[in-house]
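Next come the structures, one after another.
Note that subunit A is present in both complexes that follow, paired respectively with subunit B and with subunit C.
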Partner chain A sequence: MPAPGAIAVREAQGTGLAGARPARGARGRGEGFAPAVPALALLLCCFALPVLALLLRSLLDPRPGLENYAALLATGTYYRVLANTFLVAGTVTAVTVLLGLPLAWFLAVAPAFWARLVFGIVVLSMWTNLLARTYAWMVLLQSTGVINRALIALGLVSAPLPLIDNLTGVTIGMVYIMLPFMVLSLRMPLAALDRETFRAAALCGASRWQAFWRVFLPLLMPGLASGALMIFVMALGYYITPSLLGGTSNMMLAELIAQLVQSLLQWGVAGAAAFVLLAITLSLYAVQVRLFGVRGAAGG
Partner chain B sequence: MRRAIGLAAVLAFTLASGAALAQTMVFTSWGGTTQDAQKKDWAVPFTRRTGIRVVQDGPTNYGKFKAMVQAGNVSWDVVDVEYDFAVRAAKDGLLAPLDLPAQDAARIVPGFLTRYAVGSFYYSFVIGYDAGHWRGRAPRTLADLFDTRRFPGKRAFYKWSAPGLLEAALLADGVPPAKLYPLDLNRAFRKLDTIKKDIVWWGSGAQSQQLLASGEAPIGLFWNGRVQALIQSGQKVAIDWTQNLTTGDVLVIPRGAPHLAAARRFIAYATSAKAQAAFATDTGYAPINQGSIALMAKTALPELPDSHAAGHVPLDMQYWADHRDQIASRWYAWQTK
Partner chain C sequence: MSAPFLSIARIAKSYAGTKAVDEVSLDIAEGEFVTFLGPSGSGKSTTLYIIAGFVEPSAGEVLLGGRSLLAVPPHQRGIGMVFQRYTLFPHLSVAENIAFPLRVRRRPRAEIADKVDEMLRLVRLEGMRGRRPGQLSGGQQQRVALARALAYDPRILLMDEPLSALDKKLREEIQGEIRRVHVETGVTVLYVTHDQEEALRLSDRIALFNHGRIEQVGDGRDLYERPASAFVAGFIGNSNFLPVRVVAAAGRHAVVSCPDGFELRGVRVAARPAGAEPTLMLRPERLWLAPGGAGEGIAGTVVDAAFLGDCIAYRVRTGWAQDLAVRTPLAALGGAPAGVGQEVRVCCEGRHAFLFAAL
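Let's look at the complex of A and B:
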């Protein structure tokens, strides 16, 4: 039983994509494969084979068996870090969606000049070095930082707010980085949106609230879902931002894996840690494919 | 005829120096102000003397180190590593022997030379603090580092499982230096529990400097050279040497390094009295050559760990090499809790 939204999504894709890829239906199945060979070969060499090697190492290094998985799951550390990784990625994704949707809507409806200016600012932030941006947040957020000093000087707070070395700091820093990705994935579906639909909804007696939930959101769902998935998966692997803006109780898996690889040289355990994360991520992807279809999930 | 000979000489000279310059080796260290000094005081004069070009690489990454050696595809010739890593790497067969000439070896500070590793520099974990933070009062011992009542404020500590903080916690709790090892981990973590909410962690030397200089953490345990650099840049911070925990970096050659002979010559030069003296003057990290102190300006000496020997507590690298994994697992379990 598909969700009511899913049907609208498929319809929206049918209309939205028909113009973009007119020849698709006419082509045979095998056609279109050849031009993709270089990219597929790259993926095979740079992703599939290393992942396989990682899996093998987690099973074989230092001895064949499941001891790396046992070592990983024996202490509470890995569970906590894994749970925290998903908590951070989930929080960041949710906040990014909440902020990104209105921003993307503004870009779609604002006068051309303002839309271009704001879009320029959004994209420009992507071109600035990640480490520099994260250090800048550190300087802004810490208890002796610009924000807290300003708040105290204005008399709004008496003691510095805890904005860094916790989930708040990580979320602020990462949402800022992820926002452009959300806006970019909503751009196409918003541009393709037929404004007449809302008039039709209103004519049929829908309130603005109903029109938003039952017409607007379902039509945007493919872009929203693919953007959210992309952000969620990127956030799962984040390293620098949580390391600099989060406390150790917000440690994410990438940090732990980096320690295992670089400092402790326990590659087997690191492989196991990475592989469990990959397996969980892929199963989440599978859930999304079930809900939205391959194209919706993959960003069609 | 004379002109022809002149030309030939110029040509021969060019070819010869070209051949010499073509010889290169790769030196890998941790970047930042430390590697800048290593380049200036070791690599540049070494190249001038031998004609061997030294390519700087970094930062040191043990994962990469191990992967290179295991794959038999090594691109590093000399690497600056932490001492406990060198002990483990030697045991795991990742290193090539140094073969330091006997007359050079005799000049190395005792304890900083093994078959596979020789000191690069040695340093202390010291209390660095914001000099004006507690109205004239200054921390004097490691116990003060854990006393949040008399010295309120955040504490900055190195984030990763490594020698230093556990020892500091035990010393602050009253364990005498001679009885430090084997570390009583339960006691160390209990002591750390008492200030856990006041800890901010630094993951790199630059971050530690940022935390101290901005006042975010008015006190912490730091590498002495990093606090020294802040003092030299005019920041109002100070060092307490009363109890300082000494350890060192060492230079090693990965097994299968492509330019073994050049690597050995470089190490012999870098550990010479003159090169060590120049580096120590620039960084505040201590020389591992016994002849260096005599070559240094008197004014540079008080900044060196050498001048605070009464407070030295040596960190036991052999112990850490043997227990690193076990400690790390406790460490991360405690940190993430």
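Let's look at the complex of A and C:
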């Protein structure tokens, strides 16, 4: 009897998409959750429980109390790392938005063939191994790397630019990694755009520039905001790229946590640092839900 | 005569070998309401989009007040347009949508406010100014689109099947609104539809499109009573087409012989031949039934009689097995209507019949 199962799936999707849609009845609701149970169980085991363990550890290791948090907040290093983390995440997000918007405009107005080709290229880069891509950037950005040598050969600079082991290198590497995420989160609002709407704007007298600011940008705003938040939050916790392309002088939070665990074996302090990061992330999410609703914040 | 207001001169557009628009020429007077009517794919929208500036013609010229429009980008053409799909800006309220063209023109605030009020009155949506497009019905959205297109006093208003997504009753209501708005504003309107009734109801003149060409331009009566081709006759109103033989022809009149030998005199000859076979066109409402037997008319048998409220629609099978449609208004019915199976004669006056033939 396939019918009840099919209904249950549809209800589950309905509640997932619409956020808090009231269930029609207790029976419907119970059945509706069944398909989501495996995924929820996985999340519980692999995310909720470790987070809880981490929280407990930060509160109990080595003694019960808030001493880990006190130790963390007492060190200047922590504040420097936190500031640097926010600086990097903010810069990466801003640059990604600045690059992503014109790209989205292109995808919206270009002939379908070119739009699909460019979209494909952008998303394809995501399928290459992250570590490999980061090492590739190391090769490119070194003072003896391709970019610097080309710049010198062209006579644009006389000495190699410091493109690696600093914020520039981290930003370049991370923007490159984040851009596909931005394009993906703009995909839905882009698909919902109607070309005729832009034609209407043009006939109303709007130049391309005005159409961009007054029509395109507002319509894309929810997708842009959710994309930016996702990228900012991902950037806050990034590890590989900052540790390979950034220098030791501008450490990010994930690097600090790794150091605390691996070199200093201070699990409690590391837990406290991780937990502060999680708290910051959740409050950012809350802000976005307030501004754009669950759908906007969830990227839809 | 002075130069026409809008002049479309031999414009053409091909897509991958197919001619979407094929040498279309049309002069339009200021304040005129001209409708492009024609079957699907006949090039109506393409012609409109060329005027709007979204499609570049492969050849030809569009002149507004004697000056070429083709080099002017769409946003500087000063043309208003209502599209087939709903194209209101979903993030703006009704009032903000109407204000949009004035905002991008940086008009003073007070002027914008006045104009928005005026436009809302014009399309009778005063109570809806704060709503978002998503909270309006299709008909209301198209009225807002009309207001938005007229807010900046465009010289030309283009409409591409603006009512095709609406049901019949709403369509008729908004047709009335469009007519009133046209009279009140005096704007020149180019209107696309494939609904002949809509075209007849709204337009000063109709340009009938077929295969990227204009078959005939004229007012409704011209097209209906003096069709230039069998295509026009077939598209506008209902018609019977009879294969005939031309017995005699003099000037614009002819004598034809129907397949059963009945001869009709004083038949008018259409301006353009319809091809090899001479064809006689008879409008169902120009025909009447006489009792069977000897006399004028095409002998036949009633095979269907449907009461349609204001008239009776007959189908009469002729001796050569063609069904002719005949419509008799109730007022013209003397006595009881003819019943199915009855022998009748289908009568017609020669001046209401049309001959399409290469003479």
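Observations on the model:
FYI, the second predicted complex is superposed on the first by the 250 of 300 C-alpha atoms of A that agree within 3 Å, B and C clash if a C-alpha of one lies under 4 Å from a C-alpha of the other, contacts with A are read in each partner's own complex, and residues count from 1 in each chain.
Methods note: a residue touches a chain if its C-beta (ideal position, glycine included) is under 8 Å from a C-beta of that chain, and two chains touch if they have at least 3 such contacts.
Computed from a predicted model, the values in this text were never measured in an experiment.
Residue contacts after overlaying the shared chain place A:Asp194 against subunit C, while subunit B stays out of touching range.
Of the two partner chains, subunit B is the only one touched by A:Leu264; subunit C is not. Residue contacts after overlaying the shared chain place A:Ser249 against subunit B, while subunit C stays out of touching range. In the superposed pair of complexes, A:Ser283 makes contact with neither subunit B nor subunit C.
In the superposition on chain A, no contact is made by A:Ser125 with either subunit B or subunit C. With both structures placed on the common chain, the touch criterion links A:Val215 to subunit C but leaves subunit B unconnected. Of the two partner chains, subunit B is the only one that A:Met138 touches; subunit C does not reach it.
Put subunit B and subunit C next to each other and count what each touches on subunit A; the higher total goes to B. Residue overlap on subunit A between the subunit B contacts of one complex and the subunit C contacts of the other is empty.
Subunit B contributes residues 61-64, 66, 88, 154, 159-162, 200-201, 203, 207, 210, 214-216, 324-325, 328-329, 332-333, 335-337 to its touches with subunit A in the complex. The touching residues of subunit C, when paired with subunit A in their complex, are 52-54, 73-81, 83, 85, 87-91, 100-101, 103-105, 145, 148-149, 152. Within the complex, the subunit A residues that touch subunit B are 75-77, 80-81, 84, 135, 138-139, 142-145, 165, 243-244, 247-249, 251, 256, 259, 261-267. The part of subunit A that touches subunit C in the complex is made up of residues 194, 196-197, 199-207, 210, 214-215, 218-219.
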